[in-house]
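Each of the next two complexes has subunit A plus one more chain, namely subunit B in the first and subunit C in the second.
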Partner chain A sequence: MLTNLISGDRPRSLILTGLLLAILLGLALAPFLFPGVRSLETAARICIFIVLVASYDLLLGYSGIVSFAHTMFFGLGAYGVALASTHMGRGYDALVVGAVLGAIASALLALLIGLFSLRVRAIFFAMITLAVASAVAVLVSQLSGLTGGEDGLNYSIPRELTPAFKLGSLFGVSITGKILNYYLVFFASLALFLVLLRVVNSPFGRVLQAIRENDFRAEAIGYRVVFYRTLATCLSAAMAALAGSLFAIWLRYVGPDTTLSFEIMLDILLMVVIGGMGTMYGAVIGATIFVLAQNYLQNLMGVASGATEGLPLVPQLLDPDRWLLWLGVLFILSVYFFPTGIVGRLRSED
Partner chain B sequence: MTQMLLETDGLTVRFGGHVAVDAVSCGFRAGELTAIVGPNGAGKTTYFNLISGQITASEGTVRLMGEDVTRDPVASRCRKGLGRAFQLTNLFPNLTVLENVRLVIQARRRMGFNLFSMASSHTELTVAAMAILERVRLHPLSEQKVGGLSHGNQRKLEVAILIALDPVVYMFDEPTAGMSVDEAPVVLDLIAELKAEKDRTILLVEHKMDVIRSLADRIIVLHNGALAADGDPATVMASDVVQEAYMGRDLADV
Partner chain C sequence: MTNAAPDHAPKYAQLSLPDRIGKAMPLLLVPILVVLGFLSIGSPSSWLTLTVSGLAMGMMIFIMASGLTLVFGLMDVINFGHGAFISVGAYVGISVLLGLESWTGVPSLLLNVAAVLAAVIAAMCVTGALGWGFERVIVRPVYGAHLKQILVTVGGLIVIEQMIHVLWGPDEIYLTRPETLKGAVTFAGAAIEKYRLLAVVFGLALFVAMRLVLKRTKIGLIVRAGVQNGEMVEALGYRLRLVFIGVFIAGSALAGLGGVMWGLYQEVITAGMGEEMMILVFIVVIIGGLGSVEGAFIGALLVGLLQNYVAFLEPKLALISNIALMTAILMWRPQGMMPVVKAK
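Up next, the complex of A and B:
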């Protein structure tokens, strides 16, 4: 049963199993273990980024395809929900319609890009995704009548998913719609992650790995490489869009900066590399560490800076304003010591 | 006359001004093993590439069991029955030996677009792959990564993959190149076994004359991309064109 759920893809490392269980439990019980708006915000973001990063790993890690348009698909999903909620009015039907249309639009756009560029060399695909993603980002910020431009869109979602909805209290935590919303995000993310885990461990997933290893030979044993790459691209795009939809449901706001910016694309890349390419569990570890660092490194440094006040230079180095510097250092160190990512490293030790 | 399984008709490819394969017309019958010989640069491997589709012909046609496949992509030719082993070992280095063969069987059973079942649940693929690995004596190494195998074992895996493809036309490109003296017989015995299955045809690019003499029913000679001789081994080896033109001492010695 459990093996079936994780598609027979065991963590294959004791430490990794422990880490994954800790993350799963931490996220499942986040509203009770870490009460507070900020920690819930962080937990939801981790859930969503796990799906987003895992869907990117399907491309980069499993298929060896470099794409810079992943945030575009993420954004399409988010804007899908936002536009549906704006035009259809608040309601679950709007959320579902928005998410489904966003995913379909993403898959179609990915199909178009794929058919145009995946036939030729991989580098063209990367360049074209970059061009299309920039074009879409500009379009979204210019078409302010439809998308709200740089300001983005605010919209209402069903009341049961908002903080205004109160359900009483449990273990001393008052259960609001925000917590229900969190569980929607959590379970949807878990389900999407398990689907992705299944896909990479399916016969299709094996073909993708074969193509990544040696596309020439994959073709010579009878696999039409371009079809497999295109399908992987579409699937990955649709998954990213669904993650975007969850993000939109969670935030009740979409804007170019939160869903389409190139910074998020870089974050995704870093999370995949830190966690370990070509291992779905790497997405879990990478996203968790990265989002935690993004949200709490500054606090941690504030504390450290205060504690070392008497020393020369150290407090200045640890000033919370320097957090990006340290994030950069952490990234370089992790790539240096774990070239195969944290998961790759943990698995190779057993 | 038995049916031609594979025919090339005026098959030509040019790279710029250079004609690499020059109007080669040739048919290959079931149950026949044809050795393709010629000096380096004669166009043997290019001829193979044209047949299996890595290169598209400038002129002429390739027909597989009567069907024109000249414009077909590599993968569809493969599915129609053209199986090719490569001269330079060309495998999936980071996958296991078993996975390399399993992928081939999975391709043949058209299971590649199966997205939501567990690959490991298809035990019938594993069983079939293990049976083939046993034929090339690689079964004890099934769980090893291919990148770490010896050269000889990688060559054997090439042959295993070709067998797994179960093609109508087997194409071997120097299957024993670089193999040790005690490893080569495993591969040669297998080729002899395949030859015994009378409904296939085998094409063999080979330099080693002892191999050709023991296996070939027929030899075709390529020279500067063109077909220079075609016939049974004794006649071809004795022919003036072969002796003089370029096989030179090599053949004169045997």
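Up next, the complex of A and C:
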């Protein structure tokens, strides 16, 4: 039963199993274990990024395609929910319609990009997605009539999902709509993650891995490489859009900075690489570690920057705004020295 | 057995006219676009202004793109960190210019040109050295692995960009051009900025020089042969790695030069400018055909002209005009206009 649920893809390492269980339990019981607005925010972000990173891993890790447009699909899903909620009014139907339309739009756009670039050579894909994603980001911030421009959109979601809705208290924690909203995000993320796990362990996923290892040979065996690559792109785009929808439902706000910026794309890349490419569990580990570090380590940098005030250059290097600098260094080092990421390391030890 | 060979009479037929036009089509695209622009804009003076600024923009993009396309052609290395050299070049060059205020502030052509030259040389030296380091540290360990190359060079881009923030501070820097490069000349009723004219002339000279080096010198011959078939060149005893490092350094220095020119054109520089230009550079390299300098030149002119025309005719569309151009060209020629490197 359990093996079926995870599609027969066991963690294959004792430590990894322990870590995954701890993360699962931690996230499932987050409102009770770590009460407080900030920790709930962090937990929801982890859930959403697990799905987003896992969907990216389907491309990068399993198919060997580099895309820089993943935040674009993420943003499309988020804007889908935001626009539907703005125009259809408050309601669950708006959330569902927005999420579905966002996912369809993302898949279609991915199909279009894929047909243009994957047909020729996979490396075009990286460059073209970069160009298209930046054009979309500019477009979204320019079309302020539709998207709210740089300010983004605020909208209302059903009352049962907002902090204003009170249900009573359980184990000393007062149950509000925010906690219901968290569980919506949690279970939806869990379901999406299990779907992705199913996909990569299906025959389809095997073909993707074969193409990643040797596309010429896969073609020779009789698999149409372009078809499989394009399908993987569409699937991963749709999944990213659904993660975006969850993000929009959780935040009740979308804006270019929170959903479309290149910085988020870098975050995703780093999460995949740190966790481990080519395994879905890498996404779980990578996203969890990264989001925790992002939320709590930046404060530490601020402290360190303050403590080294007198020295030349060091305070500027440790400034919390230079967070990205250290991410970049970490990123390069992990690509060189840990190409298989944490999960790969743990698995090879056993 | 007097006539063992089968009967055949080889003929040298000239290509039919449509075939010949098809072959020359990439070269004709720029004039066609200019004529189309003239027809749709209507007023000759604004057309002239737009054409000159489009050409100027195209030349600058070409300067930045040429190194990237050669590096890719030679070693199959795709360098996403190329944009960082543009930013670094701009910051170094502009810092020198700001330091030489006493030269740039006076309306003396000689002093102004000397200041700009000093800025350009400083920028090219720094970015060339940076390119050398980048090749050694970042690119060398990941030859032959595209996926890692893309990831690692993106990492390099971030680190360099953040280092600019550390060294120069997070704010954008505004500047004014040297005195003699300010203002415009009026020609046939059209106001043309002096700097843009200079950029066109300079870019054109650089393109001609690059072509001469590539087509007339021995090193150019080795580079071109290396792009077409690197293994064969190595088998003939040339150390292609050294050539490649040279091209990488030259390409980085050119990106730095492009950065200075772009900074003077925009009169403001930011650490993110390289990343923004990178997108145009990629579009140019893709539509030109990977590895082709001529293709990149034509592509850059097309991008520059189209962007200026469309921004005048329909400002909202200007954002997507480049993507539309790329889509159209890839539908027509999936490998780009003049591919040198065979699809792998």
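Throughout what follows, the second predicted complex is superposed on the first by the 310 of 350 C-alpha atoms of A that agree within 3 Å, B and C clash if a C-alpha of one lies under 4 Å from a C-alpha of the other, contacts with A are read in each partner's own complex, and residues count from 1 in each chain.
Operating definition for what follows: a residue touches a chain if its C-beta (ideal position, glycine included) is under 8 Å from a C-beta of that chain, and two chains touch if they have at least 3 such contacts.
Here the structure is a predicted model, which is why all the values come from computation and not from measurement.
When both complexes are overlaid on chain A, the residue A:336 reaches subunit C alone and has no touch with subunit B.
In the superposition on chain A, no contact is made by A:177 with either subunit B or subunit C. In the superposition on chain A, A:131 makes contact with subunit C only, not with subunit B.
In the superposed pair of complexes, A:152 makes contact with neither subunit B nor subunit C. Number of subunit A residues touched is higher for C, counting subunit B against subunit C. Judged by the touch definition given at the top, the superposed model places A:214 against subunit B, while subunit C stays out of reach.
Taken in their complex, subunit A has these residues touching subunit B: 4, 7-8, 195, 198-199, 201-207, 209-210, 213-214, 216-225, 228, 231, 235. Against subunit C, in their complex, subunit A makes its touches with residues 60, 64, 66, 116-117, 119-124, 126-128, 130-132, 134-135, 138-139, 142, 262, 266, 269, 273, 313, 316-317, 321-322, 324-325, 327-329, 331-332, 335-336, 339.
Taken together, the subunit C residues at the contact with subunit A in this complex read 78, 80, 138, 141-142, 146-148, 150-152, 154-159, 162-163, 165-166, 170, 275-276, 278-279, 282-283, 285-286, 316, 319-320, 322-323, 326-327, 330-331, 334-335, 343-344. Across the interface of their complex, subunit A is touched by residues 52, 54, 73-76, 78-79, 84, 86, 90-95, 99, 102-104, 106-108, 111-122, 161, 165 of subunit B.
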